[in-house]
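After this come two complexes, each holding chain A, first together with chain B and then together with chain C.
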Partner chain A sequence: MALYELFSHPAERGYRAGLCSKAALFLLLAAALTYIPPLLVAYRSHGFWLKRSSYEEQPTVRFQHQVLLVALLGPEHGGFLAWSTFPAFNRLQGDHLRVPLVSSREEDRNQDGKMDMLHLKLELPLQPTEHVLGVQLILTFSYQLHRMSTFVMQSMAFLQSSFAVPGSQLYVNGDLRLQQKQPLGYSGLDVRYNVSVINGTSPFAYDYDLTHIVAAYQERNVTTVLNDANPIWLVGRAAEAPFVINAVIRYPVEVISYQPGFWEMVKFAWVQYVSILLIFLWVFKRIKIFVFQNQVVTTIPVTAMPPGEVYKEHLS
Partner chain B sequence: MCTLQLLMLPVFVLMLPEGAQHQPSFFPTGTVPTPAVLGPVTPGGTPQSSSVETATPQDVPGIFTMGPTPVTPSMPGNRSMDLFPVLPICICDLTPGACDLNCCCDRDCYILHPRTVFSFCLPGSVRSSSWVCVDNSLIFRSNSPFPSRVFTDSNGIRQFCVLVNNSKLNYSQKLQKVNATNFQALAVEFGGESFPSALQTQLPPLFYRAGDPILTYFPKWSVISLLRQPAGVGTGELCADRNPAGFLESKSTTCTRFFKNLTNSCTLDPALDAASYYNFTVLKIPTGLTDLQNMKFQVPVTLASQASPPLLVGNTCQNAVSQVIYDIETNGTFGIQKVSVSFGQTNLTIEPDVSLQQEFIIHFRAFQQSMSTSLTGPRSGNPGYIVGKPLLVRTGDTSHSMTLLQSQGYGTCSIKRYEVQFGVNAISGCKFRLMDTDCSRLQQEICQTLHGRPTPEHVAIFGNADPAQKGGWTRILRKNCSVSIMNCTSCCFIPVSLEIQVLWAYVGLQSNPQAQVSGARFLYHYKTIRDSHQGTDVHLTTLVNFVDITQKPEPPKGQPRMDWKLPFDFFFPFKVAFSRGVDSQKCSVSPILILCLFLLGIFNLETT
Partner chain C sequence: MGAATATPLLLGLLLQGVLRPLRADPVFIPPFIRMSGSAVSAALVGGPEEVTVSLAPLQVEAGVLPVPTCDVLSNETGDWSVTVTPSVNMLEVTVRLKRGLEQCSSNETESFSESPCIVQTLLVSASHNSSCLAHLLIQVEIFANSSLTQGASENMTVIPNQVYQPLGPCPCNLTAGACDVRCCCDQECSAEARDLFRLSCFTGVFGGDVNPPFDQLCAVGKPGQVPDWFPFLCVQSPLANSPFLGHFYHGAISPGHHPAFEAHLHAEPQGFPDFGYKQGDPVLTVNKGYFTVPQVSLAGQCLRDAPVAFLRNFDDKCTTNLEVYQERDGIINSKIKSSTMGGIVTPTVTYEEAGDLDKFITNTEVLLGHGSASRYVNVEEHYIFRWNNNTISEINVKIIRAEVSALQKGVITQRFTVKFLSHSSGNEEEMSGNPGYHLGKPIRALHTDRMNNVTTLHLWQPAGRGLCTSATFKPILFGENVLSGCLLEVGINENCTQFRQNVIERFDSLIQATHVAMRGNSNYGNLSDGWLEIIRVDAPDAHMGPFFSSALGTCPDVPAQLHIRILICDAGAVEGVAQQQILGIQTRLSTVTWQYQCGLTCEDKADFFPISASVQFIKIPAQLPRPLTRFQINFTEYDCNRNAVCWPQLLYPLTQHYQGEPYAQCIAKGLLLVSLLLLAVFLSHPWIRTAKLGTRPL
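Showing the complex of A and B:
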């Protein structure tokens, strides 16, 4: 009957020497060379500390029902028409004020409790001789993220569109995208930008100046932008028909970059370090076995093996 | 295939000298069998004169490509003809009776060796062959079954070339017989997308189906046309007159017409003339096309209201058509039974550029459906409200829909009102001129402007509420619109804004929820004015807000709530793998298999 090796196990062998001997010094050197170089390799090959990471989340966006509209008219009538949901702004406009009919609806398509899109329709009544050549529109939103840090901000969608031909309708269908200049935190509450985009309580014209609103908004590190490269401008308005702005603004899932926390950073560093360390451990183990088996440094071998297998030593 | 040949070539080159050295006797001339003297040897083992070497591998599509080679003038003609034989088909001979430049197969050139005159031969004018070359010094003897030849390149290095049997060059398509029977089949089998051919005429169907265009017939001109419902097209709202109306598709369209010269257009433009919208007959069924004289298949368009032709009186164009309403009675597959038309007409002032917005409404009714039932108005949902449908309100016993005020071009309040749509928040406003001096009358007037006439009292709970059944309606919570204040005699307290708040919720099964209105209230905002403020404007605002008060039930077990931060994705890869497995049973095996192998690997690692 043929015999097979069904089981095997390595046997331990000790080497004895003094603490101030060459062997001890060698072991100390070997340990230093085993554990420190992997760290240097991992660090110098970049990416040792995970400084930025990202996650996906659909933001909780709600339209704040704040609208600021400026419609630029053709040259013969001159000037513009304006309206907003801020009484102070409307008071400032005087004759330029024209109240539109605004209807809006937010829709939760997948019934997950988060709104997915906003339908907004704005009908600006015009006199037969008035022609709209351009539109500036600000809509404000409350924007919240929950998954990592709780991030709350009030943001806006700014739409500006103009055309050489007087329009009858402006159709916009775009995404409200998040723009980050810096990563968000990994935990905690972030309400840095939970301030209103337009100071609606202010009676001063300066606070409703578009350049000032946009300049202050762009100072932020985290903003939202309306992403529609090509709003469609429909022409051919009848004398008594209003100018219509038809907007569909979607709230898509965003990839948000954040600064990982301490343990996440350590975890990724540890993974890199240990994987390189394993190679060094294996190499230095071989070196140490060679050194001690061949008595390169003087030691006294202590065998823990059963007698009878000692003869194998000569082979190495 | 080609790469295989290339790969095999070094093998061939390396093997050959060795093998050749062992068989020197095959060499008939008896020269010393060293690779260095292999030059004059040509394939097939036949010794060849050096004249063959004059061929240049320049136009040889082999792996070795070399620069232009001067042709040795001592080349005998017949050999050269052998290399570049005149092809049976000369594709570059485009001018008959004249020599085409660089066309080496053109018989009109009368050049024995075209390469001496032409700088190169056009592709296709010489027989294409696929040569693979190596340095001649490497070759001792060739036992290749393919024809081979020795060329000299520009540097005087002799190259040993083998003509590879490239099946691609000899490939030709099997010709398919085309006849009348299989023409269409072949065109369909091999054809892809192509330009569409012109509209195909086909037999008229037996009866109209939903969405089919409706055929009309002008007896005056014996012209067949389609019932038109002009609509805005393209990037503008300009009327596209040829837009057909679809059978059974009740809808309304609006579009704009511009008139450069209304003085002429007023009486001449058919779009402004009511007669052009009914001076034809409608075909009952499309098969009426076959017998146009038979009035049995034709339905005349009857006038529901009087319409007068446009008339130019002084500076106005009277009776211009601004609205066209067709009311069509249908009876299943028996087609159209009755068509009636009514018009809305307006007067236009003559100006250089005049625009007119026209509305076209086509309404289909089932045969003998009583007019009264269609007058009750459509439901806003059955039973639950549908988003975007009008919010139903009731005053006394009549039901209508909630409206908001609307401003017209000059910013003043319009008679036209905006119909509140369920679930759509809206705001609107207008300028109201204070004319009345009496405070209570002023208050009443403003109140009516704010909530329209008649004042809504109840709101329908469901979209299919019946005005006769009181249980389906809930009272609108409100305070009195007109309020008087005691301590001021010369001032008037007028409402300037009306806020309509509607609380609604989904009820019923979560899979099929129905929206119901739970309650509504009117909120007024007031402003004090002095009596002396007559003739000034106040801004009136109405807005409607819909608030969803649905309390969602606890999610079923295993489904996380939105605001939870618990580690629900702990088993994420397994979840994804197994949820995919539900879709296709085949795929579910692989993750399990991988998992098993993975575990086995770990198990093995630990034991060794």
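Showing the complex of A and C:
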């Protein structure tokens, strides 16, 4: 009957030497060469530390029902109409104030508790002799992210559109996209930008200057922008019909970049380190076995006994 | 019942109500009231001062109302009282039920009664000197549960927690306080009413079956249709405890706050400062309004009534159509609060006449009719406010106006400036920085040979067609690189020498200085206080020898471009702010060959020769750095700006480069990891084995 090796188990052999011997020095050197080079190799091959990461979330966006409208009229030079939901602004406009009919509705299409789009309709009454050639519209939103850091801000959608021919309706259909100039945090409360975009209580004309509003808004590191390349101007307004702005603004799912926290970075770094460490461990294990077995450094070999046994092993 | 018989009387009263005001007789408005609460009021209009108002109940006999008289002169009759309150141009008459409605609400089992509790007819008469003036007829129908005795409930409806109780046990109960037809679960329906529609009740959940039996109930299920585990695993439960509880509602007990449109049209001026004006406060007038000056806002449009902010200067230009131009009234007469404690400042106004109207009014059709009426339009208004601590001490207004015909058409450009000056400031010269230059301030220059030597360097500001004759000068500002130019008209027969002289003179008019200040605060009187001489690299001599201008329409070596180079550097810092100064300035002219541009034929038309000037600021380091070796340039191991795997970022989370967490937290977490590592090392085999072997004898 042929015999096969059915089972084997390792028997340990120890090598003894003093702490100041060559063997100890060799072991120290081998340990250093085992544990430190993987770190260097992993670091120098780029990507060791995860400095930026991203995640997906649909933000919780609510329309704040603040509107600022400027309609440019032609052909009279300098003619314009303005209206907003800020009483101080309306007071400043004098004869140019025209109150429109504004209706809005937010829709949650997939019933997940977060609004998905805004339907806004604004009808500006006009006299038969007035023609609208350009529109500037500011809508403000409250924008919240919750999955990583709790990020709450008040942002705006600025729409500016003009046409050479007097229009009857402006149709806008776009997304409210998030623009980040720096990554968000991974936890905590971030309410740096939870201030209103337009200072609605100020009585001064300077605070309603569109260039100043936009300049202050663009100073922020995280903003939203209305992403519609081509608003459609419809022409052919009846004499007594109002000028209609029809806006559909969607709140899409955003990919948000954030700066990972300490533990996330260490976790990914550890994975990279250990995978290279295994190779070094295997290599230096072989080297150590060779060195000690062949007595390259002088040591006393000792067969290690399993605990509790005091007999010598029988070598057959 | 009373309504039908009251109709002729009502018509009579209405007619009286319509006709009486025409004859200026007193009348009640409205003349007929149907009363359903415990108090009601009407207005008596047009009556004389002394009017007595009395109240009398009317007895309706056989459905006919008696003729109203003023015999019973009393303002209190049993349960009713009438009170008269004088108001603006009228008397307000209020009729009130004195006793409560206790007997009406005695029957508490019926939540809703179908017949009124009190039915009565009252006549209120207004008389003067025993002659009847006007009548008011009140038909009282008070129902028991009208709940006006308690007033509108201020309490919020308590919404039960829908986890335990369905919110709408009866969804078809749509009308409060009345019976809904076909809704058998409506508690407000009486038994008789329910009998009427018992056979056609709404079914299902809408009809009130909000707890339908669910599949797992033991009571449900006909044999043969139940699953195999019936009845071993079926549920014995009352229907009130069903898995459908809370199914239709999210569970919110109070309504969330959702923003909505809250537009207002009017806003009163607010903010009366308690301790005088602070920077940014609006300037107030005595009658609690704002002091306004037209300003530019929105997308460049002018707003006429824009308030002025304390200590904010501005300089705005507004364009208006002359046809709609209206003079702003009240500049002279406005009284401005100097501070809130009191104190009025009246502005002192001076007028000046405008010179050239063409600069302000465009698109004119000049009307030659001298006989037509003329009016003044304010072309420029300059306001200078003098302030002292928190108060305004003085206001000077300079208005430049022009006289135009009343029928003049066109567009007028107005300029409004507001400047706040400290009350003690005079006409000091404005420095361009202290001590270093500030960005955007003009370069200080002086000419040693001229008397009026405070000047600056200029570049052209082209205007209109862009010709050099119409160009104005704009000062050179520190730190701003500028390029500008203009067009010079040249004829085909131009004398070259004269031409070159002309161009050089034009360039010289820009640089009318010999020295330029190094710092922003160099003293003009002291030439050794940091003044640099302007280095001029002259153009080749205009009177050079051989002319090659024998050909007509050509001139060689005409200076065409002026380059001004200014070297600046950072010279120290004051309180952490770096101060910049000028190290040197050089002007250089470069030349081109001018040739007249002919078409097919050369006509004697004026050609345009462009000349330009540019300023360039070159920043040089204060001390020249040592030139780097190639090794130093290529060795980026320690430069994290040029190397993504630089050595200082080896342990990135523990360095200052990582900004995602506070530094202390990172160090703490790192120490935690180190302690875990040490624990692992101490607990690992070699040490324990060594300890064990050390105790055993060899």
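By our rule, the second predicted complex is superposed on the first by the 294 of 316 C-alpha atoms of A that agree within 3 Å, B and C clash if a C-alpha of one lies under 4 Å from a C-alpha of the other, contacts with A are read in each partner's own complex, and residues count from 1 in each chain.
As a working rule, a residue touches a chain if its C-beta (ideal position, glycine included) is under 8 Å from a C-beta of that chain, and two chains touch if they have at least 3 such contacts.
Quick caveat: nothing in here was measured; it's all calculated off a predicted structure.
Contacts of A:L281 after superposition on the shared chain: neither chain B nor chain C is touched. In the superposition on chain A, A:V99 makes contact with both chain B and chain C. With both structures placed on the common chain, the touch criterion links A:A88 to chain C but leaves chain B unconnected.
In the superposition on chain A, contact of A:L133 is made with neither chain B nor chain C. Once the two complexes are laid over each other on the shared chain, residue contacts for A:H65 go to chain B and to chain C alike.
In the superposition on chain A, A:D209 makes contact with chain C only, not with chain B.
For chain A, the partner touching the most residues, choosing from chain B and chain C, is C. Once chain A of one complex is fitted onto chain A of the other, the partner contacts of A:F262 are limited to chain C, with no touch recorded for chain B. Once chain A of one complex is fitted onto chain A of the other, the partner contacts of A:E240 are limited to chain B, with no touch recorded for chain C. Once the two complexes are laid over each other on the shared chain, residue contacts for A:V248 go to neither chain B nor chain C. Across the two superposed structures, the residue set of chain A contacted by chain B and also by chain C is 65, 85, 90, 97, 99, 102, 104. Partner chain A is touched in their complex by these residues of chain B: 232, 235-238, 256-258, 354-357, 387-388, 404, 406-411, 414, 418, 421, 423-431, 539, 541, 552, 562-563, 565.
Those residues of chain A whose C-beta lies close enough to touch chain C in the complex are 14, 39, 43-44, 46, 48-49, 51, 62-65, 70, 72, 76-78, 80, 82, 85, 87-88, 90-94, 96-97, 99, 102, 104, 136, 142, 185-186, 203-206, 208-210, 259-263, 265-266, 304, 307. On chain C, the positions that touch chain A within their shared complex are 258-267, 269-270, 282, 290, 295-299, 301-307, 309, 312, 314, 319-321, 411, 644-645, 649-650, 652-653, 658-661, 665-666, 669, 673, 689, 692-693.
Contact residues of chain A toward chain B in the complex are 60, 65, 85, 90, 97-105, 107, 112-114, 119, 125-128, 130, 146-147, 168-169, 232-241.
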